[in-house]
Each structure stands twice: as C-alpha cells, then as structure tokens.
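One structure follows; several queries about it will come next.
A, B and C label the chains in the order they appear, each numbered from 1.
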Amino acid sequence: MKRRIPQELWFVIGGLVLFGALFVAEKTLNRYLLHILILMGIYSIATVSLNLTNGYTGLFSLGHAAFMAIGAYTSTLLTFPVPLREAYDLPRLPWFLGGPDAAWSFFPALLAGGVLASCAALLIGAPVLRLRGHYLSVASLGFMVIVVTFAKTLKGITRGPMGISAIPLYTNVYWTFLWLFITMYVVWRIVNSRFGRALMALREDETAAQVLGIYPMKYKLFAFVVGAFFAGVAGGLYAHLTKAIRPFEFSFTLTFQIVVMLIVGCMGTMSGPVVGAVLLLALRYALKPLEEHLKLYGLIELIYALLLIVVMLWKPEGLVGRKRVSVRGHQERKEEGEWARFSTPR
Amino acid sequence: MGQVISLLKVEKVTVKYGVIPAIQELELEVERGQIVALLGANGAGKTTTLKTIMGVLRPARGRIFYDGKDITFLPAPQRVRLGVALVPEGRGIFNRLTVRENLLLGAYHRKDQGGILQDLEEVYRLFPRLKERENQIAGTLSGGEQQMLAIGRGLMSRPRLMLLDEPSLGLAPLVVRELYTLIRRIRESGVTILLVEQSAPMAIGIADYVYVLETGVVKIAGTPREVESLEEVKKVYLGG
Amino acid sequence: MFSLSYFLQQSMNGIILGCIYALLALGMTVVYGILRLINFAHGALITLGAFFMYFVFFRLGLPFVAALFLVLGFGGVMGLVLDLVAYRKLRGGPEVALLITSLGFYTFIENFTKLIVSPQPYAFKTPEFLATLYRTPYLTFRTVDVFIILSSLLIMLAFHFFVKRTKLGIAMRATAENLEVANLMGIEVNRVISVAFVLGSAIAAFTGFLWGAKYGQISYDMGFLTGVKAFVAVVVGGVGSIPGAMLGGFVLGLAEILSIAFLPTRFAEYRDGIVFAILVLVLLIRPSGIMGIREEVRV
C-alpha cells in the first residue's frame, strides 16, 4: 500500500513530461513526422490493449483489427458532418443518436466506438472463452473476417468496399497521447490489482488458479472486453487521422502488425508494447521508400514476420523483457535436454 | 569371475523440481532376478525415483548404472531398448487405442516380427481376458484389466528390469491378490522387478529386499524380515 | 424454383470444396492432436504447392505425374524444415509460442511469395487432359472434378490405412493421446511428430494444385482463409478425431456452397462469414465437435 502513492506520482510526472515533449514536438516537427508520431501513439494504444489479453491473460486473440474497425466505423458515422452526408451516401443519425441534424463531437464518438467494440467482444467472448484458449484465436480470427465482410456488404451504412472518405481530421497528438496515457493507466491499474494477479495466475496455470477460487471465465471476459474497448478507441483515432477508411485495412495484416509489435516489444510488461509499436513503425517508415522504389511489395511484412520468428525462437522475452516474463516458459526448461522436456515438472 | 554387478545401481541421485529437491542423495541397488520393493507415503519421491531410472526426469546430481553401464544421460527410448520398462502410475494406457494396439506399442522398438507375435501370445496366455478383449478400445476395460494391459504392454518390450509404479492402486483386494500372483510369475520368467507401493504388506510379502523412502531420502533398507520387525514400519506401514 | 440438376450441381461443387478442406484438415488435426498447435503455416503450403506446380508443370513442362510427385516431395520437405527449424525448438514451452511462431511462418511465406512471384493473382490453367467437359441431364462436370474426388478419396484411404495398420501410424495416435507414455514405450516422439508434419504438408501442397486446377486462379494469399477454414473443419468434426476432420471438411464445404447457392444472391458475399458462423455455433452447442472426444485440459 505504501508503494502505490509514489507510483501514482510517477504517472503524473510522466504525463507532464510527455505532454511537454508533445508540445515541443508539435511545434517543431513537420507534418509527415507528426503524422508518424501520431500513428505511433495509435498503434501503441492498440498494442497495449492487446497486451491485456494476449500478454497478461495468456489468451491469444487475433481479432484486434475487428475491434478497431468497429471503433473506426462507429465514430466516423457519428462525427461525419451533416451537410456532407447526402453527398457521401451516408445515413443520417436516427433519433436515439441525436436525430438527422446531429453530428457528435469527437470525444463521445470515440467512447461510443469503444463501447460498441466492447459489446462485440462480449458477444464473441461469451461462447468461446469457456473453451480452451486456442479456440479464441480461431474464433476471433473468424470474427474479424465477419466484421470485414459486413463492412464490405452493408453498403447503406459503410459504403461498401470503397470505404468512407472526407472524415473530419480531429485526431492530433494531444488526443492520441491522452488516450495512450489513459490506456496505460487503466492497464496498469488492472494489472496491479487483485484482479490483475488473478489474470496472471490464469496465464500460468489455469487449474491451479481455479483451485484458488478464481473463476476463469469472468476474468478472461473482462480482459477481453476492456482490451476491445481501447482497440475501438484506437480505431476511431485512426479514422480521424487518415480521414479515409476502407474495409480491407482492418484485416489480418493489421492484426498481425499489432501482434508483432507486442511480441517484439515484450508481452506482459508495461513498456514493451509501446517500445514494440514505436520501433516497428519507425522501421516501416524507414523501409517504405525502399519498398516503393524497388517495387518489392511485401518486403515490410516479410521483415516483420522474420522479426517475429527470430524473437520467438531466440529471444522469446522480447526486447525489454527479462527472462522471467518470457512466453517460452522458465529458464530451467531451456537447460534441460530435448528428451527431458516432455515431462517438465512444475 | 570378478565381483557380480547388480542390474541396477542408483548412486547418490538428487532430482529437483525447480529448486525443491524431490529425492536427495538416493542410493538403491537391484540384483538380478530379485523383486525389490520401494515403499513410502505419498510424496516421498517414489514415482520420481522410477521416472529418473527410466530417463524421463534428469538428475541434478548422481549416477545411474544399468548392468554396469552408466545410463544417467540416456534418453528414455534408448533405455527401453536396453531392457528397462516402466509401467506408469495410473497405468497410462492409451484409451483410444485397441488392446492389441496398446500391446504392440510395448514392442515398438523391436524389429523381430515373429518374436513380437510370439510374445503377444505369451501375454495373452498370461492374461486370457486381454485375449478376449483384443479388439476393444482400451478405455472400455475395467480398472483391473487396464492394469493387466499396462503390465502386458511392459512385458512386450522384453524387459530385463521392470519398474512397476503402484500397480495395486484403486484395485479391489481380490484383484490385487491376482496381480501379485502374476508379478511373482513374471519374476520366475526371469524379469527383475522394482516395485513401488504405498500399501506395504503385500509388497513386503513378495519382495527380496525393501527400501523405505521418506521425503526423498532412504530411511530404511533391508530384507523383508529385518524391515518387518522394525517398530516404526509396523506402526506406519503395516497398520499394527 | 430450384431444379434437381441445380441442387446436384451445387452439391458436387460442395463435395469438391469439401475434399479440399478435408485433405487440409487431415494434416492439421494430426499436428494439433499431438502438439496442440493450430498450424497457420499449413495454409501457406497450399500457396507454395500451387505455385510450385505452376512452375514445374506449366513453365518447365515436366510430365504431369513427375510434377505431382515433385509437389508432394516439396511439400514434405517444407514441412520437415518447419518442424526442424522452428517447432521442435519450442516444444515443451507454452502452446501459445507455437501458435505465434506458426503465424510468423505463415506471413513470412505469404509475403515471400508476394515478393518473388507477384502481388497479382496468376491464371492457373487446368491441365488439358483434365479439362474435358461432360454433360449429362443432371450434371455437368469436367475430368478435373473426378480427379479431385478420386485422388482425395485415395489419399484419405491411404491415410486411414497408415494410421490404423502401420506401426508408425499407431505410434502417432498413441503420441497424440499421451506423449509422455509414448516416450516411455520407446517411441521417438520427435520423429513421429516430424512424420506428421511431412505427411500433412505434402498433402497440403498437393491440395494447392487441386485448388488451382479447379478454380483457375492462384495468388499469394490464397492459403490463409483456406487454411483457417480447414482448422474450422477440424473443430466442427471434432478435435483429435481423424475421421472427424474429414467429415468436418465435407460438412463445411457443402454448407459453404449450398448456403450461397440457395440464399438470395446478395448473400454470396457472406460466404466466409457463414463458415465462421458455423464455427461459433458448433462451439456453443457441441464444443467437442461431431465426432470429437471430449478434450481434457492438459495441465
């Protein structure tokens, strides 16, 4: 209990320093670099929120892009300017969302996007999370396919495969990093609570955790839903940064990028996901001219995949992690011979 | 002829789970043709000892000699080839496979097709009920039948040393008696047996030598008569 | 409003797609049974097999049978390489590490293909002797349809024989049920796992050819959804059951084709969605699948 106060203070100081730095950045960086910086923030939110399920709980969701899509489309439909709606074939808002002459402001629209993503997570998580962790991976992937299909086919709402453009540019460094700050704070609070310890107990040994009276379903679902909320917010921020969204942007490639960021950074730590997101985006934008000039399409994804494989095989604890939090298990295991590994006692 | 080498010799073996030692500086010897009983309460380290002898667990310290050969670092499949067979606790039969398939897997490392079939007949002679249920899925057998199957499967590898881990666990007294008759017959056919049990009277009755483990350490070692006469054994293991 | 011939025609299409899913599910279920690994890289082998066939058969002009065996061999070698390079190293660690790595390998192979071959799809001509068209009152089909059905049945029968009658096959089933005891029986578990990878991958590469020959187009990302759907077939049929995986494949193929055939055309785009809706339904109602054995959670 005594240690919590200084740690909270840390967050305040960190926040102040961060926003000071952002102020300087906004004044000095050119638009392209600022754009990249904001993207780093958005991807960090996505990665940090994915960490809640995939890192701390040991579930491996592959549907993060779907939650981002839900957030992006929801917030866009809410904030889209009324005069342009007809020209862009977008529906007006029904009465319970404020009536046909209403457009929401940015913050509540983002929240709505997050909440809707959470609801979707509840819907998909409730049947699947009772089962072995693996089913979540496949079901969430399937969920992503379904969401993208809906985005393509519900033309009256989403304008189909061509997507929505002329989205107002609301996202800036302050919004983005405020949300990143909130996300990290919430995740940190969860992880350092009784609840968070329960999550990690589940990751380590589900049966043992059950014996201790931890009811797995509740905890898993909670982590999944909270993660989806912030993914939805990240999607909303993304839409209002790039000003155009199309269904295929939110498919497996996006999920994969976030997964790589998480693994390369380090699962199950606070700073790992952010480090991963920042480094891999930096790498992406450094390689982008190369990919485009040499027409080597797929080069960046290839390198991402290679990084993921290398990290998994040779440095499973990620860039910032210590051995303790490695996804490969404990160090003693590694020292044992191949044959002895099959029945490693716990 | 020099000194007779015992079939199995465990020399100051320590096995750890993480940092916690499960057995410590364990010394144990099994002579050819003997039945050696290894007794102890739950968690005394009996199963750990067997798994280490089998090569499933690796000792942190110490040596294991089989037939005079150092096998401390040999993987389990190669120990099977040398003639060590473990009949695991809880039987560990393959529930989804047929009885026959289970038995044939016991002879997995052998290449002599004729010999395998001969041994299969031998096992069926020993356990006629397995013959009747040859093509049944093993998961449908009764507990006693499953134990017979597990032992039969062990025999299929033509072992010289058979490690039996609590074979009487969960079986009715009548079935246990039948089982012990069989164990005796197996020894008569020339197989050396290291028998782990929690329930002592039967095991002591059949054994040539007895070890008693307590929290990973050999507490008592001696012939059945010596061991039986000890007060603490009477109290704890013989219920008298 | 739908005629009998329409129904038969669509059923045949469903069965053919079912053959493809079933063949893929076969390889996936064996690997999943032993390692609890959803092998995403399995999907990449479809792509690799298709392009490999394209190059050795159409570009190099090798005889068909030789090309087929080369594809099978190529798939097997790739499976072995994946196992030796990656999966073997991760055994004994958390299952999720295997899953992530297989995801990495899938993406690596997909983008490697994209980079080396082309981001555009390739037209895959049906080999001439398989392109003959037959018309009957109820059914119109090409030789390739017969080829797919017969070769799939042959492979499934061979696999069934392998798993039931051969020593290695029995050992494979034993390993899937209890790896530790299999090790005690003197089974070299690592070798058995490698064999599972080799067989599954060879079949997957062959499936890539079937896909190309049937649908006429191959692309760098063709294997992703196909592979994931094959795993859905595994779940639908019952995890751990080999006949279940095949049955699941056929159920999925028929469901996918017939639902779009008999729903109004605007639902055609929901084709992939339907497959995953079935998955969620099965998980809700009968998580152990049609023929599955209730899965005990390993601790």
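Here are some notes:
Throughout what follows, contacts are C-beta pairs under 8 Å (C-beta built on N, C-alpha and C of every residue); 3 or more make two chains touch, one makes a residue touch a chain.
Owing to the predicted nature of the structure, the values given are computational and were not obtained by experimental measurement.
When every chain is represented by the mean of its C-alpha atoms, the one lying closest to the mean of all protein C-alpha atoms is C. The interface carrying the most C-beta pairs in contact is the one between chains A-C. With centres computed as the average of Cα coordinates, no chain lies farther from chain C than B.
Separating the CA-averaged centres of chain A and chain C is a span of 31 Å. Averaged C-alpha coordinates put the centre of chain B at 43 Å from the centre of chain C. Separating the centre of chain A from that of chain B, both taken as means of CA atoms, is a distance of 53 Å.
Shared interface positions of chain A, i.e. residues touching 2 or more other chains, are given as 336, 338-339, 342-343. Shown for chain C are the residues in touch with two or more other chains, namely 180, 183.
The residues of chain B that reach two or more other chains are 56, 76-77, listed in rising order. Partner chain B is touched in their complex by these residues of chain C: 167, 170-171, 173-174, 177-178, 180-188, 293. The touching residues of chain C, counted against chain A in their complex, run 36, 38, 86, 88-97, 99-101, 103-108, 110-112, 114-115, 119, 179-180, 183, 189-190, 220, 224-225, 228, 231-232, 235, 266, 269-270, 272-273, 275-277, 279-280, 283-284, 287, 295, 297, 299. Per the touch definition, chain B reaches chain C in the complex via residues 54, 56, 76-77, 80-81, 86, 88, 92-97, 101, 104-106, 108-109, 153, 157.
Per the touch definition, chain A reaches chain C in the complex via residues 58, 60, 62, 124, 127-128, 130-135, 137-139, 141-143, 145-146, 149-150, 152-153, 205-208, 252, 256, 259-260, 263, 296-299, 301-302, 304-306, 308-309, 312-313, 316, 327-329, 333, 336, 338-339, 341-344.
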